[in-house]
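Structure first, then comments.
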């Protein structure tokens, strides 16, 4: 099993979730995060003092899936999350050794 | 060392933390997340327009622990987080190569 | 490639980000989390009832980087995040199998 | 040109009594100039909008002291209560509360409201027109139900609550009110409640107590983990209390029922000082007992002082008003702790503020005013207590047995906002940074 | 000592008419005592500050019903609108709206304001001084622009909006106002609009409609995903509506233009009952149509009732005022649904509340008051509609073609707070737990 | 029936002076009808509750412009300040500020308050009863301390602040006040301060400056990272400013000390236009200097205009009032920038708004009113500056040396809410979505 972590633009979330659903993904977990990268933040002013806000709002999607579904999931994400502009985000893939469904105790593939 | 990631129902957090404490876990990190899975969200209405909220509030617990404690930690979580209803959540386990305590520079087991 | 996960004190974030920038890290993702560990929370009172708040606000930084940059990144974090007091936090390192830049489709090192 | 005794007999009587008591050499004006009538009426209308704003105060206080996931529900209830209150008061309430000549227990002057030609002149009353009389009283009426709202928050079904409100405001509050302000048996007996420590606040508080008992505590409130259920916004709660305090200038100040300079200004002073002393009393208690000064307690302290002085704002001296407020502030903290220990789950402290301090305030009139009897005050307290508590218990119980009173466990956990209203108080995937 | 007809001819006429209608045996005071003048003026100043607080009401309501990322922008606009409104009304507006003797269509009494020696005596008007007249009217004026603000929220450029406001309030609102309140042609014809269902609310509503049409909907509003764009804070929206309701006691109550006890208190009653009935109407509609009672609809219902009764608060009977409010509450829910289906994106429901219910209220005078003609009311509605809608369309279109009306897509997505103001409504890496 | 000179000698004198100046043909009423007394007193009580609501305004503004982790602390302080202020003013303040005949520097008419039989008649004063006099003044008194609260926020110890407040309000504010409003030496000299640009706002501002100097800046404010410490809720801050503006109608309007139609309405106009002009001044400055229009600056601009006009709201012409406000709005932005550059850490801009614009307003009387001398105004400004700044410095320094003034670094970082109160402003593991 693999964990696919995608960091995307917040307003692309609904589209990405739909695309993933279509490609057969049944579960995922979303977190609000802030990103720092090539996409620069912006300048803010508060009571006369300018300062740069380096962090950009992003959404992190985490999907644990069987190895075989990884490629299609990645393809779904890249297509649905791309705007072509800087800051579209990243996808990282890592290994998961074990997965358990709390409700039933099922494990691994059956748990997803 | 392993990273145990558990996604649970928010109101089970206190119980899970107690159970983990009892089973010898000394540290963990908690994040508010939204989950998408078998447990469906609900329908909301705003100014006459119905729409479905697919994401359900969840809490993610991350625990890095020695390999030997993994099984007991998992057991603690499954027991304390289970309500028996859909949406109780998942546990994922992956490998951690290195752990460091910032304050002292201690590493691996000693750092946990 | 490695994923470096650092859990630090919130007010150290700006310093850590600067230190990482200097050591050549170009991207990272930040999440607000709550930590449970050696650093105890505090006691609160609400309408006459005392209770202990066990969770302490922390910030989680995630950095995916080439293996060769891991050591210097860890060094940057430990130096810039240390106050010497309990609760300074942890650094965990794990493997990342694959990285993709959504905008371009570039992968692995080129994607970071 | 003479005052009509129809609705305001009892009040005029009191005005005369204390007007004379305070201004011994001024003859009581039996008829007034057009100008004085206009001043009086203007002041009463100002008082009316001040009492109106108390409903926003309650909405803010109650939603601030409860969880974010139930905020829409509370705001909805409070918007509904004032609206239902006003309409039912127009249809039946006003004429139940002020039935004119009646047996002293229950009377009814008929459906609907109508000023008639005399109703807009000082022949109706030297202090206000018929319309002013109605609207000022109507704003009061809904208050009693709103008090209940906070205590039963986070677990009561919306429709059941609204039915309770309608019945309690339209019938129980008004009949009880007629006993004193309508010139009924307690008024005859000499019972005194200037602006409603008992008639409004205790009546609301008894309803709250009944609701809390029938409903039971919120899930997890008295569970293994001692963590109390914290309110989600202290700024909102604070806005609420300041608006309530503001509104009280009309609640008490308007209860003079004219713009009498001496009386209204005296009432402003006693009301303000009692509230301030309530804050200080609660601050001292909270700081010394809990070590950490608790804002929510101090806010309750202000209200405690206000409720405490309401029964006697015009007959208690300025120095004693400070004492009444101070004691109320101390009592309220103790009461919140005690009620919580008794496992009566009142999220906003409504029982302590409105019931306990309402009783204190009513009895205080018997203690600090030479002209009133402690025993009579006590009789009033008990009579109102029995009637409203049993009445509220009956309604709640009937609802419990019929359409149900409490939301499902799942709904309670998810929050009533999503469950009852399908919406969130703080909507949107809130990425604001 | 006699009333000056300069500004208040039309109003005095009406006051006479209905004053007489309601108080048949009272001769209309052509001159008043010093005392009565002071009471009247004091009430008008109280009404003035009540209308002022409506601007906070709008600011809260509009920011509550929109997204957190645009809250600073909305608060800024609302602070700007009242300020620009007051200043331009002093420079040109007051004298455009009340030009004295004029051709009935457009007149101008000159720049700036000046009371003159008579202006502070009852020789100016028995109800208020020149200064009171100005400041009461000035508080009204900015309202029309603020109504537009909510409808065009979350996408309009700040500078364009402020230019629109300046022109719309200083010129269009005031010229339109002169037709009726200034004694112009519609006034001559017998058109009636007590406190501005049409003159203020519809005029604002037409501006809102024009803005929404020229601007188009917010990004993603009518996209593939049906998820509506939820407001970020229901407590804020509720505070807004209660403050608006409070302000309406001055908006309508002050439109009596004196402290006349009968009239002002009647207006308090009709205003309150219409608002309450509006809540109940919207509650019933929302509960039955949507199954889940929607707080934002119920809040709109209160405003709908208030807007609805505004045209006839002094001439519609108490029972009918309940009906007017109830219908307004029902209409507003239907209208919000319909306008949304027509893909007109109005985030706060301004068009439904102010335009649709403004029209309803104006026509209701023709229906429920025997003294007014439905046809004349309709002519007024149409005349105001044509003038304000075309006027607003013209300004918006000119801005669109010149400096641009709408922010960039990126800015809209990021939020106007960061884009236009470089700041956040809820600043700081908010670690509060 | 004649006015008692006891407390109101100085004020009557001024009223006479300007009453005559503005209404040249009206003889000054030395005794008034019962009706006029009632109107006057009613207006003064309305003004009183308006000033009261300013305390909520301050609470909202200050907590909005600071961090969420300190919100409870600020709300607690503001609730405490008004309460302590009212009680101490009753015990000693009123009689220190209005000692009757005295040496012009310090006098004391004894502990406690008591109207006596004449105190509730127009024999006390034609404009208000003794009780009204007291409560109106008492609401003012606490304002001075509340101004300090914002400037020292996020780092001052709660108990030290409350002790400071008690001493500053009870003794320094009142003695300073007696110099002018009590009929003391500055009043004799012809110094003019209508509603307290200097007596209230500058006195508060000097206290704020002293506090900021003794305390030093918040942790990290002037550190390596330029990121300023953003306020956590702009809606809260905006609510605060609108409520303050609302309250100012009572603050200035009530300072007429009667319901005089011409004067009160003039004051409404100058006050509103100055506030509006302040907004516009700050908007222009902020837009041109910072490129992005800063809401927090514009909000400060409204207050700047209000503080600026406070000293001369009744003697500055309407056109000049716009100028005074505009300049205040411009000044306040410059001042905030300058004070920040001087590393004086004032989170809410209290020094710029209340001290700097308070001085500007006081001097503006000397510039724009022919009847007042610039030099005398300057002497007043300097005298009040020296006395209040040194006084505040002394108290703060004594507290610093004894029980300590500042919370620990750890507490400051964690927030004073948890540190001082053991509670959170936005409690609960807030899962609302």
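Letters are used for the chains, namely A, B, C, D, E and F, taken in the order the chains are written, and counting of residues starts over at 1 for each.
Methods note: a contact is a pair of C-beta atoms (placed from the backbone, for glycine too) under 8 Å apart; a residue touches a chain by one contact, two chains touch by 3 or more.
Please read these numbers as outputs of a predicted model, since none were measured by experiment.
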Moving step by step through touching chains, the smallest count that connects chain B to chain C is 1
When A-F and C-F are ranked by contacting C-beta pairs, first place goes to A-F
CA centroids of chain D and chain F: separation to the nearest Å works out as 32
In whole angstrom, the CA-centroid distance of chain C from chain E equals 52
So chain D residues touching two or more other chains come to 33, 35, 39, 42, 46, 225, 227, 230-231, 233, 239, 290-292, 294, 296, 421-427, 429-431, 433
Multi-chain contacts in chain A, i.e. residues touching at least two other chains, fall at 31-32, 34, 44-46, 50, 55, 94-95
Note: in the complex, chain E contacts chain F through residues 33-35, 37-39, 41-42, 45-46, 48-49, 52-53, 55-56, 59-60, 63, 71-72, 75-76, 78-80, 82-87, 90, 112-115, 117, 119-121, 128-132, 134-135, 138, 158, 233, 236, 239, 420-428, 430-433
Note: in the complex, chain D contacts chain B through residues 220, 225, 227, 413-414, 418, 421-424, 427
The residues of chain C that touch chain F in their complex are 11, 14, 42-46, 50
Listed in rising order, the residues of chain A that touch chain C in the complex are 2, 6-8, 31-38, 54-55, 58, 60, 74, 77-78, 81-95
Touching chain E in the complex, chain B uses residues 45-51
